[in-house]
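In what follows, subunit A forms one complex with subunit B and a second complex with subunit C.
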Partner chain A sequence: MATTPDTNVNEAVASENASLQHINADYTERYGFHDAENYLYKAPKGLTRELVQKISEFKSEPQWMRDFRLKALDHFLARPMPTWGSPSLAEVDFDEIHYFVRASERSERSWDDVPEDVKKTFDRLGIPEAERKFLAGVGAQYESEVVYHQVNEQLEAQGVIFTDMDTALREHEDLVKQYFATIIPPNDNKLAALNSAVWSGGSFVYVPPGVHVEMPLQAYFRINTENMGQFERTLILADEGSYVHYVEGCTAPTYSSDSLHSAVVELIAKPGARIRYTTVQNWSNNVFNLVTKRAVAETDATVEWVDCNLGSKLTMKYPSVYLMGERAHGEILSIAFAGHGQHQDAGGKIVHAAPNTTSNIFAKSISKDGGRSSYRGLLEVAKGAHGSKSKVVCDALLLDEASRSDTYPTIRIGEDDVDVGHEATVSKVGEEQLFYLMSHGLGEEEASKLIVNGFIEPIVKELPMEYAVEMNRLIELQMEGSIG
Partner chain B sequence: MASATTSPVWLTARRERALSALDAIQVPTFRGTAGWEFTPIDKLDLDAYPAAPGGDATSLFDVEGAVSVSDEEPTVAGPIVMPLALAAERYPDLVEAHLGSVVTKQTPFTARNDAYWTDGAFVYVPRGVEVEAPIVLSTLHAQAGTALHWRALVVLEEGAQAEVWHESRSAEDDLDGVLNGVVELVVGQNARLRFVDAQDVSEKSWIFGAQRATVARDGSLDWITLGFGSANGKVFQETQLAGPGAHGTVTGAYASRGRQHLDFDTLQEHAAPDTTSDLAFRGILADRSSAVWRGMIKVDPGAQRTDAFQESRNLLLSKRAHADAIPGLEILANDVRCTHAAAIAQIDREQLFYLRSHGLPEADANRLVIEGFLQALVERFEAGPVRERVAGAIERRLQAVLGR
Partner chain C sequence: MADIIEICPLSELPPGARRIVEWEDLEIGVFNCAGELFAIEDRCSHDDGPLAEGEFDTDNCTVECPRHGSLFDLRTGKPKTLPAYVPVDTFPVVVEDDIVKLEVD
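On to the complex of A and B.
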């Protein structure tokens, strides 16, 4: 039988899918539920100066953090909502959101101490199994606060700090104070200002010089209160020559009214360090996911963002890497899937600010059932960043005529000794591929699924195994009923 | 020229409407207006440049047997090639039907043009007429400190064929002024138009342009833009493929030096099924000059089987040169193939090394590589007068920019 490389990939995906079919078979049951609300503290809706002060008091924060929050609140109030991206941004009603919910009094270190209803939620999300298999440590965010957090002995022995941000502020204040908000200042944009004012939870990771964290560090996030915003704040600091892979996955139950998720994630890769940050975003389709993610890579350092966006009503997220030291490398791999009623406005930014720096952006998007996916990106080479090389490739697949795909890359070059290129292609599922597969007895839906899987395969294969499985399964679910 | 004729009533009304709209239209500010982020024009006081007519110019293109603008009535089966103001008087129905029908967006620049235009040409090719000789139009910015508002209106009826050359120049090399042009191209069913537009105006003057073409069913447009002069400004160049089977090829070349800042904003708008477009822009940037190319491919709902391509390439010759490329795709149909590519680089060291290893001095090798970079554009045309003239114009500009 004549095969092309594409069909080989598809066959491999098919057989992998077949062997893993039982995983996530209870998807709807697992993700379509929510537990009864049972919170020890839940702030009233709306954002006030008093609330920000109260959050800070509640957490017994140092004065500098309280001042930081209040200053950020001023920025937030002073700035207009962005007018680009999506017109639906205007629907975000900042007065209709709970800015703080605390699920239990303090962070838990042992699984046994976690409250039963919280545990039930994680159970249904599959965290215990995942932990048994892989996890070096789990930072599980239930509502606004990290309730379960375990760093295994090996990590502690290596001197790695992996904790929630609130704990880090208490136990490693000097380190947090030195780096917090240095990459994304509170006045960066309106949503970053909001996060800075009301942040709660998120992860803090410190990897000492030369330490390689072998297992990916994972944290699960959930929104579980109607109209509740999650404003987690993550800071990862990889010291000289170290390596860490952090994985962020989101699932959320379905609610009727709009919810806001606005995280700030800062990564610092010191000379020679490498950070990989993987996200599988699957918020329910009523969530506004407006996230600021930025990394700095110093001399010889590498930062990689692997960013998969499947859920939410609107996602606006452009992970960025500032290449600040010579020979630093940045890499952004992005998948977006926009189904009915969804707009994925995702992409990435790379700024070459030092000589001989290199970067790649590979983005794949799929639009279906009237969904809209947009790639929005920036590639900038600043003056003095000679010898820089960059390649940006965007591919989009349109599955029906009601859907939409946009590509908005911006390329700014202020240096002559550079080599940068950008390519983008938008197409529909290839008739020839479809015909070939169908002539081998596959139904149209099945054939389309295989082609879509093959399309995103180059990025999915970069995910940790269980996430790759989950991705394929999620895409399959999104694809179901697409041929009609 | 306009003053030499009595303006028809409808035209006067058009001017007055534009004039009264002017107050309400803000001049775009550097950061505040989408599309103008990279082209600061805050320092420009548009109204400090009063409108003034241009002068007569002979074309640099030197096309043998060319048809030029004249007050003469056309022969029975021939094209009309006439000053726009005169045509508005003599062929009011034709001109009124098309003037302002293609460039409809009201901006501070188009509204001023509408209100104040003094220079312009009207080209009309009747149904089925094939004009063999090139039609040559030219615009000369004659007075410093003034704004020259000019328009070109080219209409090809069904099955017509023509080649139109337009060129803009300034009377002096250091003339400070504003050149504000509107170009409207109407390509009828099954018609074929080649439009070559070259601007080599003073490097001290502002340039603004709103240029738009609409191509009907099975029509074909081959549009060539050479952007050499001007200090700063922005030129929009839009191709609308309005009827099924329409095709547009757009080719742009530029070469800048000193502190020149060029800004091209292109649109390939696929408004009907089975339409194709192919756009390629290439530029050479020397000294502290900068260029912006923003290009959008828009595919409207229902424009199935669209095939669109766009490519932008810049060659930076100096550490202080700066290039921005903002390609874009907005696709609202699914059975399409749309591709864009953008690249910014310096002179390929390997090519240079290869040439030098064959005994060429460095300066010559450099020159060859640069010529080769723009040559790729010239090769988009068949051998013949267009290819020669475009290659010649690029050659002259390179000589000016490279100083040898």
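On to the complex of A and C.
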């Protein structure tokens, strides 16, 4: 018997639902739990010069890093809080944050050596089960420091370094010193200055020339304490002709007062290299997520940011790519989902600083239950960047009247012979679309989910399969009870 | 045709010192890096803010933009860190009869 369009739709929905079936818990049950605090050290709330020195002493850092931190602290204190972005930025209370919490003696390479409480948490979140299945390396950060780190032995034999940033500073100091903060200097902005002063944890990746890391490297970031500040620092260096895909995920317990996550991520793609950096951000709705991410792509290199923002109270994050060498390519794929009480201020920046460079920005946002999503982007073509091409597309989907979407695109073009396109759409889930799907036998909620899934599908399909399934689950979770 | 402008006696610009001078509509920073003199336009290529009053590192011969932290090599005018990526203008400096002079055009 030939299949009809009706059965096709039903099959699609049935398979969609099957993959999502076991997710009916809300965030609090699935990610929002917290453990008892058996910490080796927990700094009192507030940021002082003494604390910055103490963090550096704890880590037995070289003098240059201690000086770097203290200078960054001065920058942080001297700079005013940004007044753009979101009014809720003014609610961040820097005196109410714990800036450093040490949960474990050191970063372990064996899962058995990780403290029991911490291990349980990551087990519950599916790590390191995932490592055994499909990853080339895993790092797990709990509060301020990385508690577990492991990388595939074959990759290590090829010279790939994948470790936490604290260890990298001890074991690869020359490499760290050469590149650290060259992409994002401490005085770049107030939050980068804060991170530079109190940074702890994060990943360091070095891929030698010509080495292709076929399976992704993953880092998982977990906040446990109330009013915690997490300030990881990541540096990825892909040497000539190499390839690496780095994936990060993050969650936190649900508390009634706010936490702060402020990372700095620097990527360097040497000639002919390719870096893909995927984020699935799912912080609880009491986390301010204020992150600076920037990459440099040299000649013939490619950098791709795949940036999915589902959680947090406020996210302000604009991953950027500076195309510094001829024929370099930059790509930013961004999804933002803003539910009740959330503001996702996301987007991306591309700077064409060399001839014949190409780039794409595809941003999609969904707002529901009064949530607000903003696209904020910059596309710059510098003088001399002849023959550059870029396309920016940002689409917003509003699920109800109470929600809001804004677009703030900036385009600066310094040359004549370039090809730049910008498209933006804002749409609502229309009655006609719902009626069409419901006339094929779907319930209203299923129809609405199908429309949302179709909307984000072009970006979700770029995620590794396991993350695509997880992303669909998360969207499903966010959509629960959105109808009626 | 380049103009030569007199800045000051060399004794007033010892190693580690700097001086910001105006010439027509330009502001120029003149630096003494351990005995070698360099001059750059006092305007960061990132957002046109003042540059020469930033932190001066005589060992590495750099100046750091006070606004967003880009580090510029005083010898070449090239940025060593982002967010600036375009070099700033440099100007030849000479010392004649113990007077520091700047060549501008």
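The working rule: the second predicted complex is superposed on the first by the 459 of 484 C-alpha atoms of A that agree within 3 Å, B and C clash if a C-alpha of one lies under 4 Å from a C-alpha of the other, contacts with A are read in each partner's own complex, and residues count from 1 in each chain.
In the analysis below, a residue touches a chain if its C-beta (ideal position, glycine included) is under 8 Å from a C-beta of that chain, and two chains touch if they have at least 3 such contacts.
If you're wondering where the values come from, they're calculated on a predicted model, not measured in any experiment.
Contacts of A:Met479 after superposition: neither subunit B nor subunit C is touched.
By the touch criterion defined above, A:Ala447 reaches neither subunit B nor subunit C. Once chain A of one complex is fitted onto chain A of the other, the partner contacts of A:Asp417 are limited to subunit B, with no touch recorded for subunit C.
Touch criterion met: A:Asp400 reaches subunit B, while subunit C stays clear of it.
When the two complexes are overlaid on their common chain A, residue A:Ile183 makes contact with subunit C while staying clear of subunit B. By the touch criterion defined above, A:Ala353 reaches subunit C but does not reach subunit B. Set against each other, subunit B and subunit C differ in how many residues of subunit A they touch, and the higher count belongs to B. With both structures placed on the common chain, the touch criterion links A:Arg294 to subunit C but leaves subunit B unconnected.
Judged by the touch definition given at the top, the superposed model places A:Ile55 against neither subunit B nor subunit C.
Put simply, subunit A uses residues 383 to touch subunit B in one complex and subunit C in the other. Across the interface of their complex, subunit C is touched by residues 75, 181-189, 294, 296, 322, 324, 351, 353, 382-383 of subunit A.
Of all residues in subunit B, those touching subunit A in their complex are 34, 38, 301-302, 304, 314, 316-346. Put simply, subunit C touches subunit A in their complex at residues 64-71, 80-83, 85-86. Every residue of subunit A that touches subunit B in the complex is listed here, in rising order: 84, 383, 386, 396, 398-401, 403-428.
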